[in-house]
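Both of the next two complexes hold subunit A, though its partner changes from subunit B to subunit C.
Right, the complex of A and B next:
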């Protein structure tokens, strides 16, 4: 079986997997309803409305949201069928909470999420690979032990705490210090993805888009560093251990015997081979980019999908969470597929079949 | 090591990020600020900034990057904020309370003597000292203290301090026994039910996201039960789960949670504890049944004068106080902080506290000049600007500044005229033309109100607003629930509106007077939004949807989830007259500005970030 057959077979598996995940999602998010009778309508009613609620209005609310007050098995089957049809026709419906189209809410937050998660993942991967390679050349050295200790320490730090410390130092203390010394506040923004003050100037300036872009980068820096530094430890340890393994292979010995420079041995022969297992990890990282980072987004008031997913889960906003989880499932499956294909491209020894 | 060139490259790249600091000074001219509460606004803009991290809000207040916080701060920050002379802390008693709801259907909790004994054993002073650090007031009545209907000070006795001896005596007298030696809880003896002599267990559930306050209060409740010899435990539970369980009359013993009121209306007492509603979903979650209480319902709901409904409310509060279907355990104080170094004129509002509409109407610079921009933090982004769909307090903070009403709630929650100039209330006794049993309200409205699209606001709009809420009720609009008795809303003249109900009730006025008035030419059912689309109307977020209003401010700019800019509406019917205030900055016509493509900016930002990281990564990886 060649590459084409492999892709066809995997594609069929992928479709089946996505169908399974979509079906699973329906029951997963309704589990509190199945098990405990928790009801999203209860969470939509304000204290004010609760005091004045009429049965007619209640029935209309259930009808508007496609819910049934006390569903029997036939109601569940009907709701499941409607859910399946909606999911596979791309009609994700409207949010219970905002009554706005779900896809609009997701698309609004997607750029921020991709920006933060993409940039921080790249920081983490590059930093992890770079430090991993540096110390793997000399395993057991003081440098190696020190780097492993630091990586494990940072990896173990709660990311929200690390973010808050960075925010305190560079968002508040640094500007206060520069203001007291130079009379001008220099530091990083405390919240959001864009400053109102910058926006005020940008909207009347011909260079407005560039100014906003610069401001977004300015806001991005601290959360990106928080997630990047906070996550680099995993990549570092993978890289280091892979490379240490590879450096014991016979072809490394052969390269050295050929009289190659140690840097050439490390980067040309060692790193290339050690990178192969990293491909899967990196591909999966990018497959889960749209998950967002709930805690970091909260600390930095970053408007991303992470907080949106979290609040939607708490409020049992089924249309939102089932749509997001379906998209996450598709991207994860696709990323896995791409990683498998990349393996074949990067490693000529691998044959599909 | 990095080469000098690469160091420069990295240094230049990163220093680019620092260059965009902006200052937007506001210029204004001295102006007299009149004392009329309705007059205003005096500032140019309100900027609501979304800050989800409460610690950042405190730091931003201290740093001066925001002037006010829309929410209440955690008392642990009190000292830090109090030490700053540029910050004022506003404290107000909350229009609501924390309480323990008791399942009056479940034996032996269905015995009022047991619930009353529990109330006597509960130590509310412990809640004050141990849970809320003194930021509360002990309270018994099911009507908050700040309501004019509360009879807290008239109650014949209070449950503030623990009276365990009395509680045990009451249980003994009611026939509650012991499994072993009396009053020997520590030795393993437990209370048994009267008659059946069976040991029983009581759980007090609380929200698992509030271990300190909810959990702590529930544990004080458990201590009270144990002091009576009752086998009891506190149980952390998911709020979503237990609130649904209560709504559907599921199984529970006691549940702690909080309850908020918005205005001064206590008519809901008539439904919340009404016996025949004990089997209805979403009603009477206590399953409380009391014939004396039920008999007062009509007096409360259909009393015509304040005195009549006050008397019904008073008797109901006494019955509830005696029977304890719900034990109020505290009425806490809300603390809000605001900076006092730039603006003054803040108004404490019993309904919306220090960041309510009256503050925004009256706030002005401390030198007495008009103008300036006020920055206010919001803990979450507004979910929608559709006044009929949103329940969000964050959306309400903005919507309150945009929409008119016949009457607003004044700082003390009493009606405060907005559009209305005169009010005539008539029943058949006052006017033979009013059908018997009906209540008719006739109001003249001001004649200088204009919608933001330039159309004059008339009585047709006011009448239509009630018709719209009523008719869209058929499509699920919750605004209809308070207008079920409405039979007519019409405008006999351009500035006179008549609203008529088919019952006589003191509460009718409350039920319609403060509802938002909407423009008929936008919402009508012929060529406008229509009744059926009450919930799909998505103003602000959807540029094609109209957002025509006539409040003191207009929403002039926003980036969803980041900030929302409200500018003073110079056409507002109470906008300060030019010869009195004439703030030059406010009378400047708005300039047309080229739109900035935010998506382009995000893409450019992403590309920039990628370039920075790739260059940085390349440079770093090149180091061999």
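Right, the complex of A and C next:
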């Protein structure tokens, strides 16, 4: 079986997986209705409002959200059909709460999430590869044991708590301290993605774009460090173990026997081979980027998708979570696919079959 | 074990525990991990003995965000919030005495015994008509100034406490619980207003001997039911009681730091003459005050070993009890997940073909669903109880295990021992669980311990988001309370630092053990 056939097979499988996710989504978010008979519309409007609404208006409301009052089995089939059709035509519906199209709300928050997750992943990956290589050259040394211990510590660390500590130290205590010493508050912002006053000034200033960028970076720093450190341990351990594995291979021995110096062996022969599985991991990471980080975003009040999922969930705004779930799952499936192909392209030893 | 006795089992070197231990203990991290884990297990088991306060996050016992007491080392005027009368339920005999020469007064302390499940102090006055008492008649001029009762004859009990601080308490929450038994002419139905003839008093006597009357019971509230009566303390009262003990330039006004609290029963001036009657000459009867509890709770800026939370609950108790929920959820969720994962992995790997295909597609499916969001959704839908959280975490936890087991089974199932087992007619189930499973177990141990880490962190995250039982003390919830309750603004770093540190230490101990197990048991790593 060649590459072409493999791609076709994987594509079909991918489509099936997406269909499965779409169906699963439908049932997951109607679970409260199945379990307790809770009706999203009744959650949305009060009894008083319901009494005052005309029957036409009420039915209109149900229809707006693709719902049927008191559904029987045929209504469920009808609703499922409508759901499938709208999902595949890219119509994610309107939010129960704000009555705005869900996709607008998601697109508003997407850049924030991508910025936070992208930058922190870069920090984690670069730091992980760099220290991983440094340490793997001499496994079992003091440096190695120390670095592994640190990595294990990070693995066990609740990342959101680490963020809370950073926020407490640099967002609250440091400004209070500088204020008492020098009379000015120097530190990092306590919440949010951008300060309102900066935004107001920037609107009229010729250097507005720079000011906004600076302020966003200022807000970005602590959550980025938090997630960067939180992700670092995994990349480091993966890189280190891979490279140590590779360094026991015969071709490394050959390279050494040829008389290459150790640095060349490590970087030219070792690292290149050890990077292969790393590449798939990185590809997967980028697939899960839009997942956001609910906990860290909540700690820093970062206006991203992760926190949006959580806040919508608390408000029972199902169309929003349903759409985010869809998008995340589809991206993950695509990223898996790309990672698989990438591996094959980079490593010619891989045979598809 | 000697070579001659070694059977086929012993050729699996990990079966021998002592050999395993011999290998394991070479790893310092592993030993450290087991040590920390042991501490946490001990903490979970003996929680009621370590932490005496109520661990429920919603019980208020002190003002919110008080600092841990060990921080008061840096604070010269820091006051520790606590119950200052150590014998809250009067279990030990206090000083009981009578004032004056009358023999109508008596007091007795009754400790907890087989007959009564409560200890108490009885103050009794039984009067016989016509017996004169030592009336002071100070009432007209000095009514509000004089703290002493209207008669010189009375009965009291006294306890005391030391006030080691150089500062007044912010507030004092004092209360007394008592019931009243009346008899004779004092009993209801006797003379009109016959219960106005006596009072229960509480005095606080500062080290210089100045008396302060803090409580005088109001008439017509006598009841045989025990009631807890709060005693209010004004700022002026507090400063006149505690102010003398503040050290200025190394000296303080009061000679010592010993404060006495005296509870007394005395007749009032009405007993001399009331409504044209002369009660002392005509009344015969008795009154007994049964005091069951005397509380003096002074609040300052410090409380307990770990301070208080945003709801004013004891943080130390929650930290200790939090280990229970973390361990229970971590171990049970991982247990369920591992069981499911092992069964799925064995079945998929052993039978292969269509079964394998279907099971592995389910695993793929679960891997693309976003993990934490799905847990949140399920936790909200199923409701916030510990069992549901365990289920929610287990639902997503088994996929990795099943993949791992499956790959191991694929390598094992074509080996000769499986074939020979099949040749002698062993059933599939028997081969899977008795032959293949023991051979893939070692690699599972590290997986299990690392799974526990994931479960503990998931629980912490879910409870941080407030999706777990709000009555259950948990570290994640402590963090949520801290950040939601304004700990950052108040600079209350101790309610942020310690819960997270507990989570980290517990999951770190599992990580260390898991890492070491991996080093010891994973053949791929061992060969190096």
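We adopt the following convention: the second predicted complex is superposed on the first by the 310 of 353 C-alpha atoms of A that agree within 3 Å, B and C clash if a C-alpha of one lies under 4 Å from a C-alpha of the other, contacts with A are read in each partner's own complex, and residues count from 1 in each chain.
Rule of thumb we're sticking to: contacts are C-beta pairs under 8 Å (C-beta built on N, C-alpha and C of every residue); 3 or more make two chains touch, one makes a residue touch a chain.
Just so you know, these numbers come straight off a predicted model, no measurement behind them.
Novice: Have a look at where A:176 lands relative to subunit B and subunit C in the superposition and call it first, second, both or neither.
Specialist: In the superposition, A:176 touches subunit B and subunit C alike.
Novice: Regarding the shared-chain residue A:221, is it in contact with subunit B (first), subunit C (second), both, or neither?
Specialist: A:221 sits against subunit B, while subunit C stays out of touch.
Novice: Contact-wise, after the overlay, does A:291 reach subunit B, subunit C, both or neither (first, second, both, neither)?
Specialist: second
Novice: Classify the contacts of A:168 with the two partner chains as first (subunit B alone), second (subunit C alone), both, or neither.
Specialist: In the superposition, A:168 touches subunit B and subunit C alike.
Novice: If we overlay the two complexes on their shared chain A, which of subunit B and subunit C does A:229 touch? Say first, second, both or neither.
Specialist: So A:229 meets neither subunit B nor subunit C here.
Novice: After lining up the shared chain so the two structures overlap, which partner does A:136 touch, if you call subunit B first and subunit C second: first, second, both or neither?
Specialist: Neither: A:136 stays clear of subunit B and subunit C.
Novice: May I ask you to decide whether A:310 touches subunit B, subunit C, both, or neither, giving the answer as first, second, both or neither?
Specialist: A:310: touches subunit C, not subunit B.
Novice: Mind working out whether A:239 is in touch with subunit B, subunit C, both or neither, as first, second, both or neither?
Specialist: Touch status of A:239: no partner.
Novice: With both complexes superposed on chain A, which partner does A:190 reach: first (subunit B), second (subunit C), both or neither?
Specialist: both
Novice: After superposing on the shared chain, does subunit C or subunit B touch more subunit A residues?
Specialist: After superposition, B is the partner touching more of subunit A.
Novice: Under the contact definition given at the top, report the residues of subunit A touching subunit B in one complex and subunit C in the other.
Specialist: 32, 164, 167-168, 171-172, 176, 190, 298-299, 314
Novice: Write out the stretch or stretches of subunit B touching subunit A in their complex.
Specialist: Answer in residue numbers: 16-24, 47, 49-53, 55-56, 59-60, 63, 65, 96, 238, 240-241, 243-245, 247-248, 250, 259-262, 268, 271-272, 280-283, 375, 380-381, 383-384, 386, 389-391, 473-476, 478, 480-482, 484, 535-536, 538, 541, 557, 559-563, 565, 591, 593-606, 608-610, 612-614, 616-617, 620-621, 624.
Novice: Could you pull out which subunit C residues touch subunit A in their complex?
Specialist: Result: residues 29, 361, 364-365, 367-370, 372-374, 376-377, 380-381, 453, 457, 460-461, 464-465, 476, 479, 482-483, 487-489, 491, 493, 496-497, 499-500, 503-504, 507-508, 510-512, 515, 528 of subunit C touch subunit A.
Novice: Along subunit A, where are the residues that touch subunit B in the complex?
Specialist: 32, 36-39, 41-58, 60-61, 63-64, 69-70, 97-100, 104, 108-109, 111-112, 114-115, 118-119, 122-123, 126-127, 129-130, 164, 167-168, 171-172, 175-176, 184-186, 190-204, 206, 208-218, 220-221, 224, 263, 267, 297-301, 303, 307, 311, 314-316
Novice: Write out the stretch or stretches of subunit A touching subunit C in their complex.
Specialist: Spelled out, the residues of subunit A in touch with subunit C are 17, 20-21, 24, 28-29, 31-32, 35, 148-149, 152-153, 155-158, 160-162, 164-165, 167-168, 171-173, 176, 190, 244, 248, 288, 291, 294-295, 298-299, 309-310, 313-314, 321, 324-325, 328-329, 332-333, 336.
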